[in-house]
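Heads up, the next two complexes both have chain A, just with different partners, chain B and then chain C.
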Partner chain A sequence: MGDPKEITTLQATTILISTIIGVGVLPLPLFAVRAGETSAPFVTLTGILLAAIGLMILTYLGMRHPKKTIITYSQDIIGKWLGKLFSIFVIFFFVILTSLAAREFGAVVVTAVLRETPLEVTVIVMLLLASISCRNNINVFSYIHNFYVPMILAPVLIVVAFSLKNANSLYLRPIFSGNDIRDMAAGMLTISALFQGSFIITMIIPSMKSPKKALKASFWGILVSGGLYLLIVIATVAIFGPEEIKQIFWPTLELARTTAIPGNILQRLDIIFLAVWVLAVFTTLFSSYYFSIHSIKELLGLKDHKMLSYFILPFVFFLAMLPQNILHMYEIIQYIGRAGLLITIMYPAFLLIIDFLRSWRKKKNVAKSS
Partner chain B sequence: MSLFRTKKRSIKKPQLLTPSKLGEEKGSTPTSSSLIETEKAVKEILGVNGDLQIKHFKVFGQFSAASVYLSSLVNQDVINQDILKPLMYEPEHLMGREKTLNNLINLIITETLYHSQAKTDANIDELIGGLLLGETVIIIDGVKEAIHIDTRKVEKRAIAQPETEQVILGPREGFIENISTNISLLRYRLPTPDFQVKTLKIGRLTKSTVAICYLKGIANETVIKEVEKRLSEIDIDAILDVGYLEQFIEDNPFSPFPQTQSTERPDKTVANLIEGRVAILVDGSPFSLVVPVVFNQFYQTTEDYSSRFLMGSFVRLARMLALVFSLIFPSLYVSLISFNPELLPTEFAVAVAGGRAGVPYPAVIEVLIIEVSMEILREATVRLPKQVGGALSIVGVLVIGQAAVEAGLASPITVVVIALTTIGSFATPTYTAAFALRMLRFPIMILSGIFGLYGIMVGVIFIFNHMLSLKSFGVPYMAPVSPENYQGMKDVIIRSPLWWMPKRPGFLQPSNQNRLSKNANKILEHNKVGNDQREDTTNGGSKGDHNTSSNDNLN
Partner chain C sequence: MYIGYLNFVIAICWVTGLLILLTDVKAYQNASLKKEQKVSKFLGWVNISIGFGLIAADFIYTRFMW
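Let's look at the complex of A and B:
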């Protein structure tokens, strides 16, 4: 913990943005459309709102304990052993999240670009890249995120902007189609699960220059990333229509494929889009990987996390190889994602309530004694 | 046994000034008062040298003395005119005054010698050291102290245009090897007491003078201290160039990226000092070392600032493009050809395929072969004498390139790609930074041969992550982009107008940030022709005297 507290509000915001935007960009419209047909944008919006609430709870909790991460303050709030037990769940969840992101990435690369390369190779290369980069301190972590954010946002915005000329606003109506409400709720959960990377804020707050501004950072973080997600869903649905999207695995990639830059410099944009998307995946992987080893470090009370970075690599790789195929993988991703909301939203909410109760009781005691 | 003993001794005395046995034996024995004995001691140590000159004479005709110097290092005229003449030919104002051995030294230094740098010392070690630095030593029989007079004169070349950093607009002076000339070039541009030069000697054999230059009150104190600390920890036999120091003081020696900037230009050094950096000069090196550095410095030149901001910005954009070219252009080509030809417009893809028809190798191998031969050619051109160089480049570029294409070794487009890459790497103004990208090109090329565009991205991410984790004397390498710094950002991609940048770059944490006075940024206003609104402004800019149309009250 010897690093100086240097992370600025802007850096915290960019960390959130680049962590949230990740592998999920590609299948996002599919998830939304499956849940809500033409009301996909609405489903996305509710998902974003749910994620925002979760993030606000986390941030608020972090600001009440500005010197500690969730691993350490949970031990203060609900007791040492219970706190440790829950922290193990959190860490395990993030290790799974890392491995699933790596696997999903590998699946996309193997299907769309490198058809003859074994899946294992692409996954291990990405994990190696993340694990080597994780050997830096948390300030460098924030520099890395800060640096990549414009490069992550730009290609998505360009693709959306150029593709909108083919848009058909009829595909977006009715905004509230009378769909099965349970389907929509499930879709909402799946979409807000895509925002689980925002859990990273608990690790950032203790290293921020002014932890009081964390709320501002998370607000902007969720606004930009959520806005981008919403934009992608609107654009894809407006261009392909809900029925066609259901046939496509990665509608966003398809969106890039149909887009052409004026002037015919490059025939297709999807490969370039995928290349830049590697960046987005890297930052997400990097965040969850870093969060995992940083949390293990905190849990075990170690001084340095560098050694752990290679240590958990085999586990992550093993977990990444567990799903048998793409369909199985997406089933697991949706399932884990929804279950993960228990950890990323319910658990912090539970902590916050207990924390409130404790401080309320303390205040009462103080009032009584005086 | 003896070997063991010497080893032990050297461990005991880690701060041995000179490894020479001669100097070590004499150590710090005081000079004897006897002229003959001192002379013997000097001859014992330096006697074999043909340029050791000992001349006996009588001071004021009474006291026997000797002048000792190394004729190769001294200015003979000074010795004759300013030292020997007044000593042998008793000056008028001393006529008839009582001269004893006791007051002789004082008399000589204060009233006789016409030389500003004279001091006394009573130590053989110092005496020898002084001789080797070009001092003339006067030993007087019966006096323990010897008089050291600085008569050093070493041949130096004239100040010339810097060879490696040429500019179209801007000063033409470059540093030379002599450190005092170099410092004078800096002082000439910075006539302020804030400009401070600290010197120290590094190198057990070379005893090179190292100067740490900075602007007090602007440079960050901790950086200055850190520079001093890192320099003082160096214990090496020889410092022949500033590059030796660079390797000892940089933060990450295994990084391909330079973490200090060496420049031949005094104006560039001064500009860096003013931004709050610290410059290190070494006697014998025509380069100054500037720390701390950030990456964007390596594609900036002084010319960007002396030319108008549109020109500067345009050139800088071109340079950045060249930088990107020199890093990934060949790998981009490889991955497009071998993995994603569908990205290319159809006509072009067909042309490329036609060009490659006779080439037996995969694109990676082809590009690697040409790239390696390009490196060899480039290295050869640097070493060749100037007259032959032109011929070789013609042979290399035209003949070999043409022949390679005709022989089916390479496709014409490969040659074009490699040529563009090479030219791109020449557009980077700093040699060391260009070299880093030149080296990194190869791993990326191999990655792109295996993984295509994905490989390039992985390589680029890896390089960027490495750059983002670097620090130069506490300053993050990719500042001001990340960590972000608004003031510094104005000078990264374009070169903003000078009045847009009223502060010094904050990422260097200078003690004093203000560059422009507050009123001075109204430059645009008083440029308007016939401007009446200027009458009551009392801003720091020019009063408009250059603008005759409003002064003469013609309207």
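Let's look at the complex of A and C:
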């Protein structure tokens, strides 16, 4: 029931890509435009860079402790009880992240596809799917991600490529529109928060064949997913323009709706896009759910995580149903996302600094004694 | 606050509690993982108890406080 060390660098990359690309794809251009108007691509780029810095810090920290996850090495770095306390915050944050992803999925499905289906049912189905899939070991986890990545990437790239024929480059100018810098910073943090799933790398490194290549996996993971996010924002802004996007809840879905394959083969691609989006949401939810139960397992010192997959299900569902409506939900998502950067970027940075200081002191003591 | 989903929460608590008790406890017993067996038994009963607790709380709230 232990985790074998069989994950390759490519598998680690695909896990990162499919984990990052998720529910956030749909409202992404809206978040970017609200923050920067025509500077939306620039705001997105800064958000991606911030997320990349956080991911690199976390990966480097993981490479310094290749046999442990953040739950266990944090106890070595800052002490057992403080490490456990911060780990509880990390786990709780990922449980909230899972519940919000499930709720966002439910909201989109109920609004755009299954209008007669109760919201609770769509949320339960997705959570049940994730909880059953989480009962497997980390190898199956990586196979599932590996299998779905091409199906997630290809249709999104097709939608972006075919939509560009209607693009108006004037909508993208001026690149720096001189908006309120505080709005732009807030937008940058919100977009950076869409990459928080990349925290999963801390759980992947101990199961990798060669943990030394984790940095390479992180680089390609953030490059592909960030590049795709940037392309989506550029295409959406170039087609609808900032003012139109502000009136749309899920601009990426509208982009797929207005895109046609030439020759009248398919006059709108929203249904194909939604089918792919369901896969993307599943892989994101799967990762955050798996990370939560895997971390609880490590915190409690258990050898297996299966019983936890069912145990946390009612709590995740309860948290998912707390937002009163879509507006309330997005308000919470933005707030939790920004606050979560303290956990996903600041906490690893803090651990890395303490770890550097500890190893420096150790070296100094060894030099003194010799 | 709207809590019309309470019935769903109660049902999930019972189903997940039963699933843990019926599948995981036995699997850990067969694998001779004693700590895991104890923890899964405890977690299964926790979920079932939460389900009953929510029913009781809902009954008290609607009967005496609403």
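To be clear about the criterion, the second predicted complex is superposed on the first by the 365 of 370 C-alpha atoms of A that agree within 3 Å, B and C clash if a C-alpha of one lies under 4 Å from a C-alpha of the other, contacts with A are read in each partner's own complex, and residues count from 1 in each chain.
Simple rule for what comes next: a residue touches a chain if its C-beta (ideal position, glycine included) is under 8 Å from a C-beta of that chain, and two chains touch if they have at least 3 such contacts.
Everything numeric in this text was worked out from a predicted model, so none of it was measured.
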item	value
Which of chain B and chain C A:Q324 touches, first, second, both or neither	second
Touching partner for A:I144 - first (chain B), second (chain C), both, neither	first
Touched partner set for A:L302, first chain B, second chain C, both or neither	second
First, second, both or neither for A:L313, with chain B first and chain C second	second
Touched partner set for A:E120, first chain B, second chain C, both or neither	second
Contacts of A:I53 with chain B and chain C, given as first, second, both or neither	neither
Touching partner for A:L352 - first (chain B), second (chain C), both, neither	neither
More chain A residues in contact [chain B versus chain C]	B
Chain A-touching residues of chain C, taken from the complex the two chains share	1-2, 5, 8-9, 12-13, 16, 19-20, 24, 27-28, 31, 33, 35-36, 39-40, 43-44, 46-47, 50
Touch list for chain A against partner chain B, complex	6, 8, 10-11, 109, 113-114, 117, 122, 125-126, 129, 132-133, 136, 139-140, 142-144, 146-148, 264-268, 271-272, 274-276, 278-279, 282
Residue ranges of chain A touching chain C (in the complex, touch as defined)	1, 120, 124, 300, 302-304, 306-308, 310-311, 313-314, 317-318, 321, 324
Complex interface listing, chain B residues touching chain A	339-340, 342-346, 451-454, 456-458, 461-462, 464-465, 468-469, 476, 478, 481-484
